[in-house]
Amino acid sequence: MTRREGSRVLVLGAGVAGLSCARALADAGRPVEVLERARGVGGRCATRRVEGQPVDFGVAFLHGRDPGFLAALAEVPARRLDGWPVAMLGAGRPCQPEAFTPGESRLAFAEGISAFPRHLAAGLPVTLRANAVAVEPEGAALRVRLEGGGAAEAPVVVLALAAEQAHELLGTVPGPPPAVASARALLDQARSQACLALIAVYPPEAQPPAWHCCYPDGSRVLQLAVHDSSKRAAPDATVLVLQAHPRWSREHLDDPAWPERLLEEGGRVVGPWAARPRHQEPHSWRHARHDRSAELAAPLLLGLPGGARLGLCGDRFAPGGGVEAAWRSGRALAHRILQEVP
Amino acid sequence: MTRREGSRVLVLGAGVAGLSCARALADAGRPVEVLERARGVGGRCATRRVEGQPVDFGVAFLHGRDPGFLAALAEVPARRLDGWPVAMLGAGRPCQPEAFTPGESRLAFAEGISAFPRHLAAGLPVTLRANAVAVEPEGAALRVRLEGGGAAEAPVVVLALAAEQAHELLGTVPGPPPAVASARALLDQARSQACLALIAVYPPEAQPPAWHCCYPDGSRVLQLAVHDSSKRAAPDATVLVLQAHPRWSREHLDDPAWPERLLEEGGRVVGPWAARPRHQEPHSWRHARHDRSAELAAPLLLGLPGGARLGLCGDRFAPGGGVEAAWRSGRALAHRILQEVP
Amino acid sequence: MRQPELDPLRALVQRDQDHECEGFGAARTCVRVVAVADLPTRFGHFRLVGFWNNRDAKEHVAMVHGEVVGGEEVPVRLHSECLTGDVMGSLRCDCRDQLTEGLAAIRRHERGVLLYLRQEGRGIGLINKIRAYALQEAGLDTVEANLALGFRDDERDYAVGAHMIHSLGIRSIRLITNNPNKVAQLTQHRVVVSDRIPHVIQPNEFNRFYLETKARKSGHYLEAGGAGRLQEQADPAVVAREAGQEPKA
Amino acid sequence: MRQPELDPLRALVQRDQDHECEGFGAARTCVRVVAVADLPTRFGHFRLVGFWNNRDAKEHVAMVHGEVVGGEEVPVRLHSECLTGDVMGSLRCDCRDQLTEGLAAIRRHERGVLLYLRQEGRGIGLINKIRAYALQEAGLDTVEANLALGFRDDERDYAVGAHMIHSLGIRSIRLITNNPNKVAQLTQHRVVVSDRIPHVIQPNEFNRFYLETKARKSGHYLEAGGAGRLQEQADPAVVAREAGQEPKA
């Protein structure tokens, strides 16, 4: 076993970017700790059990072409569904068009998408339900204050959060030093896109559709219908996950009737049966993904006056978008930390 | 039944471009006649029976997004294989990368690709084995001289041929008028790409592969392996069609050993079994496709001094490439003829 | 320093954060305002507005002078990218002088916009333009050949331009053009064109070549040629009659 | 008239008709010569060579002077597209003068090539450049922010440039640059660099702005700024010491 050496790194956020950064640092022998606000790891790679059956209600499938990323996926101890989604319906624009370009690998896991972040997190010290509310320089270190009164301290802190959350947390840095102000301004130049998602479970008489994913053309409401139960070996029920367009999602974040409206559109686009689930669970992704015009080339590693370092990574901080970009940005940041911080 | 009215149009070439042009003219009530050098229609949309089983040895599948083109495909009285190829292997660059972009429909026919040109040709007067060797203005008409001594004459002649063949035929126009010289120079600015294709039939003990198409990455020889028998309902044998890269094809057009070399590469890339078919049939496509940097925006309709018109269409004469471009260029040329020639 | 929250152009970036519409033109192109910055140039001070579009990687931009958001009767010039002219100073066309004059015309007004449309014809526009030039050299260019080479697709330019005008919140424009047909093209895309401003080359330090060549009548490549002559901009400028004439605006 | 079959540049089009290689650089970019034409410009007569590449729709071009195919010790300048500078005449950078001087330098030699590389940074390069400018305006630019904005990817430029040099059949080059590191970058891609020619701005009618601004020391945007200053070209020109100095070549 490697002895942990070098400056300790505190990673805020246990999504794929944060876990990939922490994993790479830990594999290189660095002491690392991950704090996560939610009750589980994975961020938008989110799987939930609905009536005992896993349902992916965030990222619907994984895709990429970076050999390192594909190798990381190959290590996940889960049943791979290579090429998923195979059967497509509709000529609408996918959330990430590059997912369907030549050379891109697509896949899902029978156990659910979250198999990937859970594998990344294996063996890492992750503290759940730890919500950072402020970051303050403290000599050569950074002190992270947590909701409820606790605190953590490290010479290197990584913000692996949605850009808006990182922007807010950077706003708590007193001063702020020019590097922090600049990073805040950079993050403020573009907004993430929202996504209202609805898990819909159908009665046994509903015939499962022949497609895996449907990108309807001509709907201003529904961007994607995922036939999620088609990923499962022997599903007890047909499950769809309906995802709304970014603008519609933003405009309806506070509309309590959005699940009904989204279902109604699902019925119009997919077929009347789709509007009548026997069970439904809504989820609001306020920061579902960045828009591709906001893409950055690399993560940030800010030097603070006292000598501490503040890193930023996430899907916006690498070209290409999606889970692959999140993973790559975390790795790239870990690489820079290993090179620049003894 | 519509009475045939207006200037007669003679179309040289019964590939998809020529048939689409002739079909549109005939549907609009124009008298039209198609001459084709080969023994059947379809050009590179070519299907051959091998041991009683249809094999597509040119175009492997159809793809496109133009609503008119998709509607034309929907009319074909054949069993559609929607979405084919679904199962893909390899990260190599497809011959037509846009075939795999979002919004693009892909399909094949269980009866073979040639079902499409055969349907286009239905009811059209097509003369097979009629090889045009010269085009000469004759007053307000054009006289087309045929190999073997015959001739045909019409006020409008359409060359729906590979660019190199059209270039050669334009070279027989005496004079030549500036419009013809200019069109020849235009065609001469880029060359079509060659493709050596091998039909390989395997013994019953060969396990059919799990993929439909394989674009190997890293081979300088094999561009595409098509699992052609996966299109057939109950194939008697596993059939692959191996297609070589353009440069390798051009360099080996006159190498009698190319089938063996291509098979050897197939064995290396696909698996040793693929190098040992029990039956094989080679085909040299000297002008398989234009390269995308040679793409033109529209067909040509040249006015000749005596008043005759000479049209040019084909896959190079519309954006996008492939069968869709061929079909669109033929339609666009028919549209121009209907508008400009009474 | 300008307050970001008070700047109408920067407010468009936020407004467009998840804009998506049916799109304009045959390709249903939809653009979004995504970035704004000052751009001091040798032709005066402008603000540069970057647009993202949903079809390709072309980054269309607008050069903005004065307050135009929500404005009426805003002078607007559409300029289609021409690498050989704009950048290399080609004598085969007068695009560079047209661009310079377009920027100068905008600056002479209280406010205005030059839309710089990033499409040399279609996908392989520049390559096919080189091929068209090669045909010209051989004396073989014709209208047919140039049509086939796709040179150039005004319709698409004007569809994208119309969306950009709407995106900038401009209520009505005065189109800087010598071609009245272009007014109709924009009107089709719901742009209110209240007026047309002739595109007249004003003699200045930057258009020496244009004027000298026109004056000498020796500029082979600037001559109004035969039927096959390539038209790089949809509406070429005309030169003011008297050198030194004062701008009208 | 030039005989097409005797012209070495046109012969490259035929040679490359189905060229495909492993590609250069991390993106494995492969380019092909696909079109050639004469281009008379206000900076002299050139031949314009159009390249097609297998990765994106960027149409890289070469401005060629004299006989370069098969040549040794050919002067070569790499210029990276800069819309704001090259086209709009931005005073935030000196790209336009660099380009003008690059073309002039090529013309002063017996032969030479200017490679014009069509990539503002990466995919959304121009948009991110506008964002970088916006940070500058707010006094918030830093090296970190500019790195994150991907400004700019020299490595890729030099990989594509190297392939273009090979495609033109050039055996060895004299690289016009003030940055000796760039020689190593090209050498990595198997380009033989026999010599380096300093990139010196010669006073002439076209670079008045550059010289005046440099001379007055008042050009805020041309000042060698802090750590965060954007470097638009990999190797900026330097101004000749004496105005009126004769070209060395």
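Think of it as A, B, C and D in the order they're written, each chain with its own count starting at 1.
Here, a contact is a pair of C-beta atoms (placed from the backbone, for glycine too) under 8 Å apart; a residue touches a chain by one contact, two chains touch by 3 or more.
As the structure is a prediction and not an experimental result, all values here were calculated from the model.
Of all the chains, the one whose CA centre sits at the greatest distance from that of chain B is A. Top-ranked chain pair, ordered by C-beta pairs in contact, is C-D. Taking each chain's centre as the average of its CA atoms, chain A and chain D sit 40 Å apart. Rounded to a whole number, the gap between the C-alpha centres of chain C and chain D is 25 angstrom.
Taken residue by residue, chain B touches two or more other chains at 93, 189, 292-293, whereas all remaining positions touch fewer.
Along chain C, residues 34-35, 52, 123-124, 127-128, 131, 134, 138 each make contact with two or more other chains.
If you draw each protein chain as a dot and join the dots that touch, every dot ends up joined to every other dot.
Chain contact summary for the complex, chain B toward chain A: residues 65, 83, 86-88, 91, 93-94, 97, 100-103, 105, 215, 217.
Listed in rising order, the residues of chain D touching chain B in the complex are 13-14, 17-20, 32, 34-35, 52, 54.
Here chain C touches chain D in the complex through residues 1-2, 4, 34-43, 46, 48-50, 52, 56-57, 59, 61, 63, 83-84, 86-92, 96, 99, 103, 116, 120, 123-128, 130-131, 133-134, 136-139, 209, 221, going by the rule given at the top. Residue ranges of chain B in contact with chain D, taken from their complex: 93, 189-191, 193-194, 220, 245-247, 250, 291-294. Interface residues of chain A facing chain D in the complex, by the touch rule stated above, are 178-179, 181-183, 185-186, 189, 292-293, 295-302, 317, 319.
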